[in-house]
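Note that the chains take the letters A, B, C, D, E, F, G, H, I, J, K, L, M and N in the order they are written out, and that residue 1 is the start of every chain.
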Amino acid sequence: MDSVSIIGMISVATAGITIAIGSVGPALGEGRAIAQALAAIAQQPDEAGTISRTLFVGLAMIESTAIYCFVVSMILIFANPFWDHVIAAGG
Amino acid sequence: MDSVSIIGMISVATAGITIAIGSVGPALGEGRAIAQALAAIAQQPDEAGTISRTLFVGLAMIESTAIYCFVVSMILIFANPFWDHVIAAGG
Amino acid sequence: MDSVSIIGMISVATAGITIAIGSVGPALGEGRAIAQALAAIAQQPDEAGTISRTLFVGLAMIESTAIYCFVVSMILIFANPFWDHVIAAGG
Amino acid sequence: MDSVSIIGMISVATAGITIAIGSVGPALGEGRAIAQALAAIAQQPDEAGTISRTLFVGLAMIESTAIYCFVVSMILIFANPFWDHVIAAGG
Amino acid sequence: MDSVSIIGMISVATAGITIAIGSVGPALGEGRAIAQALAAIAQQPDEAGTISRTLFVGLAMIESTAIYCFVVSMILIFANPFWDHVIAAGG
Amino acid sequence: MDSVSIIGMISVATAGITIAIGSVGPALGEGRAIAQALAAIAQQPDEAGTISRTLFVGLAMIESTAIYCFVVSMILIFANPFWDHVIAAGG
Amino acid sequence: MDSVSIIGMISVATAGITIAIGSVGPALGEGRAIAQALAAIAQQPDEAGTISRTLFVGLAMIESTAIYCFVVSMILIFANPFWDHVIAAGG
Amino acid sequence: MDSVSIIGMISVATAGITIAIGSVGPALGEGRAIAQALAAIAQQPDEAGTISRTLFVGLAMIESTAIYCFVVSMILIFANPFWDHVIAAGG
Amino acid sequence: MDSVSIIGMISVATAGITIAIGSVGPALGEGRAIAQALAAIAQQPDEAGTISRTLFVGLAMIESTAIYCFVVSMILIFANPFWDHVIAAGG
Amino acid sequence: MDSVSIIGMISVATAGITIAIGSVGPALGEGRAIAQALAAIAQQPDEAGTISRTLFVGLAMIESTAIYCFVVSMILIFANPFWDHVIAAGG
Amino acid sequence: MDSVSIIGMISVATAGITIAIGSVGPALGEGRAIAQALAAIAQQPDEAGTISRTLFVGLAMIESTAIYCFVVSMILIFANPFWDHVIAAGG
Amino acid sequence: MDSVSIIGMISVATAGITIAIGSVGPALGEGRAIAQALAAIAQQPDEAGTISRTLFVGLAMIESTAIYCFVVSMILIFANPFWDHVIAAGG
Amino acid sequence: MDSVSIIGMISVATAGITIAIGSVGPALGEGRAIAQALAAIAQQPDEAGTISRTLFVGLAMIESTAIYCFVVSMILIFANPFWDHVIAAGG
Amino acid sequence: MDSVSIIGMISVATAGITIAIGSVGPALGEGRAIAQALAAIAQQPDEAGTISRTLFVGLAMIESTAIYCFVVSMILIFANPFWDHVIAAGG
């Protein structure tokens, strides 16, 4: 196999696997946080504002790890320096 | 195997695996959040509005990780730059 | 192996695996949500309407991740651009 | 191996694995939902009607993911476009 | 290996694995449902009739996923279109 | 390897694996159901008859999935159509 | 490798693996049932007779799945039709 | 590799793996049963006799699955019909 | 394969896997911490300030492990000394 | 590789793996039984004698499964009939 | 493959895997510690100072294991003695 | 590879793996037993003597399974009959 | 591959894997110990001194297992006798 | 590959894996024991002395399994009889 095929193949596979695995943890973590937030609101309705605010800051933190994966995935598809090199090299 | 076969093969496989694995986490996370929301409504019916609103914002956050996977999967099938390159190269 | 065999083989395998893995998460997540909904109705029968409504919106959200997988699976079997290309190329 | 063997082999294997894996999640999810339904009826017999109705709608949702797998499995055995192509090609 | 060996080999292996894996989920799900049914009867003996009826409908739903696997397994052994083709082809 | 070796080998291996894996789920599911039945009898001795009857129907349902595996295993050893074919073919 | 080696090798390996895996589920399931039986006796000593009777019937059901595995294992070692064939064939 | 090496190698490996895996389930199951027996004695000392008797019958049932594995393991080492055949064949 | 292909391929694959695996732990850990923070606020609203402060310091500690992974991933894509060497070597 | 190397190699590997895997189950099972015994003594000090006696009989049962593994391991190292054969054969 | 490719390849892969796996344990452990700290503050606000101090010492201990991994990962990328050797050897 | 390399290689690998895997079970089992012993002492300080005695006998039983692994590991390194044979054979 | 590449490659890979796997257990164990320490302080503030002292001794014990891994990892990178030998041998 | 490379390679790999896996069990077991010790001190401060003493004896027992692994790991690196042999043999 030539360089273009190798780099292309591994880039496609990695881009998909990265976001696929990277979505499992955040989804489960967010599910847990939201579930507890709802329980907390039900238990202490007067604090719904504080709870929501803390929840959304927390969700942003968790979501950030999914974003890291999505960014790497997009870089590998649309701004892949290794692919650019082998294409430029006439690969 | 020539470049077209390699890139095509890996794109098909990755597109499927990405959305398959990527659906497990969000589905479980959403299931947990909804389950707790229902328990919260049963416990504090007067806060059903607040609980629903928080739930739907949360579900949107979780769903977003599934959407990332679906987007990558669709890109790999219908807008794959690696495939476009090898086709253009007469692969 | 020629291109037709390769692309056909991987498309068949991926189509099946995608929906197979993709059905595990939603099924478990929906089972959890429904189980809690029933417990909530038993605990607070007067809110059965609100609980059902929230449940069905939630189930639709969860089901959507299974639908993504089913859509990708169907695309790979009946509207596969990689297969169309290799067939058109006389593969 | 010729195309007929390859496509046939992978179709057989995928058809079985798809429904095998695809039956695990729904079976567990339905078991959970039914178990909770029975507990709910024991706790609140007067709501047996509402509980049953919600249960059956929920079971239909869960069962649908198993049906998706069964459909894909049947398509791969009896209406496989890749197999039809290689047979038509004299494979 | 010739086509007959390949298709035969993979059909035997898939038929067994399909029903083997396919029996795990339903068995566990049914065990859970039955266990809860017994607990419900012990808690609310007067509702034994309603509980039994709901249980048996539920068991039928769960058993259906095992039946799907058994059907696919039997098709692969006794009515396998791929095997019929390679035999007819003089394989 | 000739056809007889291949089909024989895979039949032996599949027959064993099928019943081995197929015994795990039913054994665990039955263990759970029986355990709960005993707890139910201890809690509500007057309903021992109803509990036993429901238990035995349930055990039969669970055992049926083990039976499916045993049947497939026996078919693969003693009534294997693929083996009969390759033997008849002078394999 | 000749047929005798192949069939012999796979028969030895399968016979062992079958009973090894097949003993895990029943042992765990029986352990659970017995543990609950002891708890039930401690809680309701007057029902020790009924509990024991139900336990022993249940253990027999669970043990049956281990027996299936042991039977298949013994058949593969001492009454293996595939081995008999290759020996008779002068393998 | 000649037949003696193959059959010998696989017999050694299988004999060890069989008893190794086969000891995990019974050990865990017995541990659970004994633990509950001790809790039951502490809770209801007057029933120590009944509890012990039930426990020992149960342990014998669980131990039987370990014995099956040990028997198969010993057969494979000291009374292996496949090994006897290849030795007799001058292997 | 030449050095450029090898180093490029492994860099792409490692960059993706690193951030993918590295996002699972932090996401789950943060989800747990946030869930407990919300429960704590609901239980002791007067301490919301202290709780939030401790939570954010803790989240920063957890996030740092995700950051390590992201940093390594970015180094492997954009500042990879091994890739620089093989490119400089005319690879 | 000659017979001596093959049989020696697999005997060494199996002897170690057998006792390694075979120690996990008994160690965990014994840990559970002992833990419960200590809880039972703390709860019912007057029954310490009965509890200890039952515990030691139970530990002996569990330890027996570890002993089986150790025996097989020692046989494979110091009284291996397959090794004796290949050595005697001038292997 | 020449030495430079081999050592480079394995260094890249190991550097990523090390920090990826190494971030899972600390993230989960810190998440657990922080969650309990928040629960402790909510339960005993007067001890918030002692709790925070103990928490931060503990987090530092846990973080140290992540730091070990990060250090090894950085050494492998920027101060790898094996890479230096093969480069110096004109690899 | 010659016999010395093969036997040496596998002996090194097995010796390490044996004690590595063999330390997991005992460590967890002992941890559980000790944890419960401490809880028991806290609950019933007057029985600290009986509890300690039972604990130490139990720990010795659990430790014995680790000792078996260590013994096998040492035999494979320092008193390996297979290694002695191949060395004596001039391997 | 020559000796330098082999020993170098395996040293790099092992050094990373050792500390990566070796950090998981200590991090989780320390997380658990710290979490319980905080709960204990909240429950019994007067004993904070004793609890802290016991905690730090315990953390040192747990950290020691991580240190073992780090030491082995550093030895493999900077004081590897196998690497020294092959370098000295002109590898 | 020559003997020196093989034995060296496998010794490096085994030394690392042994201590890596061998640190997981002890770390978790010690974490559990320490956590319970702290809970016990909080519950029964007057027995802190007895609890600490029992804890430290127990930790020593658990640590011993980690020590076994560390010893084997050090033997494989610095006092490896197999390595000494192949070096002496001029390997």
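Heads up, the rule we're going with is that contacts are C-beta pairs under 8 Å (C-beta built on N, C-alpha and C of every residue); 3 or more make two chains touch, one makes a residue touch a chain.
Just so we're on the same page, UniProt names per chain: A, B, C, D, E, F, G, H, I, J, K, L, M, N = ATP synthase subunit c.
No experiment lies behind these values; they were computed from the predicted model shown.
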Study note, to complete from the structure: Per the touch definition, the chains contacting both subunit E (ATP synthase subunit c) and subunit N (ATP synthase subunit c) are none
**Study point:** Size of the rotation, in steps of 5 degrees, that lays the CA trace of subunit A (ATP synthase subunit c) over subunit J (ATP synthase subunit c)
**Key:** 155
Review point. Between subunit C (ATP synthase subunit c) and subunit J (ATP synthase subunit c), what's the gap in Å when you average each chain's C-alpha atoms?
Key: 46
Study note, to complete from the structure: The distance between the C-alpha centres of subunit G (ATP synthase subunit c) and subunit L (ATP synthase subunit c), rounded to whole Å, is 29
**Study point:** Per-residue overlap in subunit D (ATP synthase subunit c), given as positions that touch at least 2 other chains
**Key:** 1, 11, 13, 15, 17, 19-21, 24-26, 28-33, 35-37, 39, 41, 43, 55, 59, 66, 69, 73
Review point. Taking chains as nodes and touches as edges, what kind of graph is this: line, ring, star, complete or other?
Key: ring
Study note, to complete from the structure: Each chain touches its two neighbours in the ring; listed from subunit A (ATP synthase subunit c) on toward subunit B (ATP synthase subunit c), they are A, B, C, D, E, F, G, H, J, L, N, M, K, I
Exercise for review: Give every residue of subunit L (ATP synthase subunit c) touching subunit N (ATP synthase subunit c) within the complex, in rising order.
Suggested key: 1-2, 4-5, 8-9, 11-13, 15-17, 19-21, 23-39, 41-43, 45, 48, 52, 55-56, 59, 63, 66, 69-70, 73, 77-78, 83, 87
Check your understanding: Once bound in the complex, which stretches of subunit F (ATP synthase subunit c) touch subunit E (ATP synthase subunit c)?
Key -> 1, 3, 6-7, 10-11, 13-15, 17-22, 24-26, 28-33, 35-37, 39-41, 43-44, 46-47, 50-51, 54-55, 57-59, 61-62, 64-66, 68-69, 72-73, 75-76, 80-82, 85-86, 89
